[in-house]
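Both of the next two complexes hold chain A, though its partner changes from chain B to chain C.
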Partner chain A sequence: MEDKKNKFQIFLEFMRERLPLQKMNFETMVQKKEVPIHRMSWAYYLGGLTLLFFIIQLVTGTLLLFYYQSTVSDAYVSVEFITLYVKSGFLIRNLHTWSSSCMIFCLLAHMITTFAMKAFDRPREITWITGVLLLMLTFAFGFTGYLLPWHQIAVNATKVVLQSIEMVGQYLPGSLSTFPTYLKELIQGETSVGQATLSRFTALHVVILPLLFFGVLGLHLLSVQLHGMSQGVDKPTGKKEKFFPIFIIKDFWVWGCVFLGVFILAQCLPFESFSAYPLFEAYNSLGSTPDGIKPEWYFYFIYYPLEMLPFWVIMIGQVVAGVGLILTPWIFKHTSRKVLGMIAWLVTAYLVIITVFGPQIYEVVKGAH
Partner chain B sequence: MRAVVISALLLFVYQVQADAYPEFQRYSKEVSGRPIDCAICHKNSDGPEGLKHGQIGSLNSEELKALGAARRAFKPGANVKNPILNEFGNSILNQLGKEKILMLRQHPELLSAALDPTSDLDNDGITDAEEFEDGTHPLNPLDGKPLKLFKNNLKKNRFDIFMLILATGFGVYGLSNALLWLSSKMEKKE
Partner chain C sequence: MFDQFMFVGLPYVALFSFIVGSIVRYRCRQFSYSSLSTQFLEDRWLAWASFPWHVGILIILMGHLVAFAMPGLWSSLMSVPLFLLVVEAIGVLCSFLCLMGLIILLVRRFVDAKLQAVTSYLDIIALIILLFQVCSGLSIALMHRWGAAWAPGALGPYLHSIFLLKPDVSLVVDMPVFVKLHIMSACVLIMFFPFTRLVHALSLPFQYFVRAPQKVVWTNTRAQARFEKKEKYEHERRLFLKAAVGVGSSIILLSLGTLDKFLSYFLKQDTTNSEQSHILAKKLQHLKQSAAERELELERMRQSSIFVANLSELSRDRGKYFIDYLMRPALAFIDEEGYPILLSAKCTHLGCTVGQNVDKDGRILCPCHISYFSIKTGEPSEGSPAKEPLPHLGWEIRDGQGNILVEQDSAGSRKGTLDEALKNNGKLYIAKRFS
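Coming up: the complex of A and B.
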């Protein structure tokens, strides 16, 4: 009993340090908050930018819902109607697509810089863990949203991902081996990707994931505001600026410029133009599958290794990376910022190379076999 | 009687080789490096043969008549509407005539030069001939070489973009000043 009480007390102490609610007042969280100025100060704007893109997603996504029909017979036509006939429909849809990619880009950059600056260090573990959860939720947004237009690439790419979930079963022992198939059927809702899948993905994309995201985001932002900005570098310059109003004003200017950039992109460059048109034809279960089916660019880091390496290697890699990400504050507790910076550069190099040159690397490897 | 005529006509149609000219599709695919299907000229992405929408087997008697007329359009300017072709396919047929198209089968690289250099069916600012070379769809305004589309749309929307730059600039400037004012008020209170 005594031991249990002690454990509970230890947990309470842990939480009190991570979420110091006594600091939850306007004075500490806004008026007296300061932002360090150093060579990595630019990284403090990345979290805000991710939030900006999330807000754009929320607004444009809500507007799209006025016309989108989540049935296999009407989904494609409704998206086509939005794009070609609804006033500003093309702009809204393209803004939604561009900002989803920008959100993932900023989130990854935010995460890598946070890692390099050791901003996950005690007492910011909860900020880090909620950040990892937000990253996972954002990928889930990307995956579920990809199916909704119900075109060739959407349906076929979803099938590929669901098949890879099922493949995990062969590496699991005993009755556990049937779990991935059960999970796949749970997500899919029927024997193949169809109406049940579309309904489930819509519910996830439009209701469940946003609600989860709001909850985790709230905790993340609260934790950020309670602890303030992390030091970020080993040798602080000693220079600081006030969070309110100086940093917020700068943040708004960054938001303004980035919003302009994304708006111009959305107005002038259809996101679909980067892929061949047969991929965006209506899905036809009886028709031939076009060439070039692949997931969105932000899944290349897992998709190309999956195409080139044995499945079990990817599976182990994914588990290690997932657990490693969650436990980062404890694994790298005593690691210097210099080493963290080097790891961050390596991760960045991998992500850039596999995303930009993934198809070429795949061709070379495939040719060698 | 009508059913017999239609059936005989259908049988005749099946026996005649469907008018698919994959040389053009192959050329566009090769030169652009993009995967292209029959939908670049045909109504159905799986080509003209079959029973699906836009394929010969699905045509009614009126459409079969139109198909026959299109097959006899050997000279340019026949103004026919082949029911198995899309607007771009029909545009090629009416601009060049079947005779020229059959000649170009041996030299598909000459097709874009033979087409009207001003024709832009999807109004995306990229001509149909260019789209054929680029392997993008001449009837889809969202499909085109990204840089070309960006330049054309930037030109088309420059007024909107200029107004947005002004609105964003003034908006953020106003907001910044409002925050500065609020901050000074708070400091005074302290």
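Coming up: the complex of A and C.
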């Protein structure tokens, strides 16, 4: 009995340190909050930028919902209608696709820099974990949203990903081996990707994921505000600037410039111009799959290894990476910022190389067979 | 006679008074050339009056000057509708600024005790003439629209005739009454100009812009400290104002730019009739396609066997797609002896649909991850990502009367033989009992 109570108290102490709600007042959160100035200061803008892109997604996504119809017969036509006939519908849709990519880019950069700056260190574990959850939610957004236009690449890429869930089954023992198939059909809602899948993905993309995202984001921002900005470097310069109004105005300035950039980009360059047209024809369930079915670029880091390495390697890698990300605050508790920086550089190098040169590496590896 | 006096006599009297009065005052009472500022007596209201008044009147005067000095250039600019609209809008806006400034200036003359001590009748007269002038100008702008476009042509010649000493009253006698009033009160204003505080308009302090900045230093340290504190406060206030203006104007610009797009998003689409029919046709086509798929599904639930193709349609190097009993894609080929080959077209790797074209080695290709499958055995070739073979489907061949003559189950055991007649008119079916 005595022991139990103590454990509960330990838990309470842990939470008290991580969520110092006594600091939840105007003075600490607004008047006293400061942002350190050092050579990594630019990284303090990345989280805000991700938030900006999320807001853009929210607004443009809501607008798209006014015309989008989530049935297999109407989805493609309604998206085409938005693009071709609705006034500035082209811009809204293009803004949505461009900003989704930008959001993932900023999110990854945000994560890598906070890692390198050891911003996950005690007492900021909750900030880090909620951040990792937000990353996963964002990937889920990307995956579910990809299916909605119901064109060739959307449906076929979704099929490929769902099928690869089923492949996990062969590595599981006994009756567990049917579980992935069960899981796949749970996601699909029927034996193959069809109306049920589209309805499910729409519900997820439009209602469930945003609600989850709001919750986690709220906790993330609250803990950022409660703990203030992390030091970020080993030897603080001692220079600081007020969060309000100095930093926030600079932040808005950056937002303004970036929004202008994305707006112009969305107005001038269709996101789809990077792939061959046949991929954006309406999905045809009776025809063959067209060439060049690929996931969005932000899944390359897992897609190309999946193509080139044995499946079990990917599986183990994925589990290790996932658990490692969640447990980062404890695994790297005593690691110096120098080493963290090196790891961050390695991860960045991997992501950049596989994303930019993925197709070429794939060619080389496949050619050797 | 009255017109002659008002539009010939008065202008020349006013000009004479203006020129002679200004020169005489400058030579005799040079130090009275001032606006006689009352800022140190009352500064809170003055800020809301003097600033809008000066901004408004300077812009309006500039407009009048350019329009009458360069009527050709001005008229060609005003022939652009958008430009005219902008100029008129700016003009009216500035008039309201002037009006607001003048009314506050006038009111503070009447309600502030300190000001009344220094107010002369001439100050009040000057303010009232100015007020009248602004009101008549505004009335013209509102009642006789697009003055910026018609005034240079209609009134320019009259003004020119005055300055060229060949006054021509006929150019103005038929003008609307507010235009006449505006001209008359302008003359009165010019007449009174040298005798009022308005003379400060002639003494522009240009050197303020080029002289070195002055730094105020107090010899009294306490006063200096107070002064510096005030300066710092003022500096921060200015920074805050700048930031507020920056943020505010960027929000306005952002809203203007994006709301235009966002609001138009909800407007009715302007599609032509042919576009509308195109959209509708496309929708219908997709609906039909969905309906066809649903029918296939229903057929597979109800029928014990389903027609795939006539044997004569099948070929050896290009498969025919059809849907099997599990609603998955499948391909039908024919072998050398004329027997059909039915293969599932769902790739055993990650479920893409395999292509229909057979290469020279008798293989079909799954384009997703480059797996080759032999159509004879269904086996993937060496090095393909797919490891499992594509399963064969069972089939039956019926004649025209629907009798089953040849059949083969999915394992490959065949009953019956194919003759030449059947090769030409046999019908290929898949059957529920084989799946």
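Everything below uses one rule, namely that the second predicted complex is superposed on the first by the 369 of 369 C-alpha atoms of A that agree within 3 Å, B and C clash if a C-alpha of one lies under 4 Å from a C-alpha of the other, contacts with A are read in each partner's own complex, and residues count from 1 in each chain.
We adopt the following convention: a residue touches a chain if its C-beta (ideal position, glycine included) is under 8 Å from a C-beta of that chain, and two chains touch if they have at least 3 such contacts.
Remember, it's a predicted structure, so these values are computed and weren't measured experimentally.
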Following the overlay on chain A, give me a clash-or-fit verdict for chain B and chain C.
clash
Going by the contact rule set out at the top, does A:Asp74 touch chain B (first), chain C (second), both, or neither?
second
A:Leu211 in the overlay: touching chain B, chain C, both, or neither? Say first, second, both or neither.
neither
For A:Ser288, is the partner it touches chain B (first), chain C (second), both, or none of the two (neither)?
both
Per the contact definition in the header, classify A:Tyr85: touching chain B only (first), chain C only (second), both, or neither.
second
Of the two partners chain B and chain C, more of chain A gets touched by chain C
Examine A:Ser273 and indicate which partner it touches, taking first as chain B and second as chain C; both and neither are also allowed.
first
Per the contact definition in the header, classify A:Gln31: touching chain B only (first), chain C only (second), both, or neither.
first
For A:Phe252 in the superposed arrangement: first (chain B), second (chain C), both or neither?
both
Would you mind checking which of 40-48, 130-138 or 238-246 on chain C runs into chain B after superposing?
238-246
Common interface residues of chain A - those touching chain B in one complex and chain C in the other:
245, 249, 252, 256, 259, 263, 286-288, 290-292
Complex contacts: residues of chain A adjacent to chain B
31, 83-84, 90, 244-245, 248-249, 252-253, 255-256, 259-260, 263-264, 267-270, 272-274, 276-281, 284, 286-288, 290-292
Quick one: in the complex, what on chain B touches chain A?
34-37, 39, 45-46, 52, 135-137, 140-146, 149-150, 153-154, 157, 160-161, 164-165, 168-169, 171-172, 175-176, 179-180, 182-183, 186
Can you name the residues of chain A that touch chain C in the complex?
59, 63, 66, 71-74, 76-77, 80-81, 85-89, 91-92, 156, 159-160, 162-164, 167, 191-192, 245, 249, 252, 256, 259, 263, 282, 285-293, 307, 366, 369
Complex interface listing, chain C residues touching chain A:
240, 243, 246-247, 250, 254, 257-258, 261-262, 264-267, 269-271, 275, 279, 282-283, 286-287, 289-290, 293, 321, 323, 326-329, 345, 349-356, 366-370, 383, 385
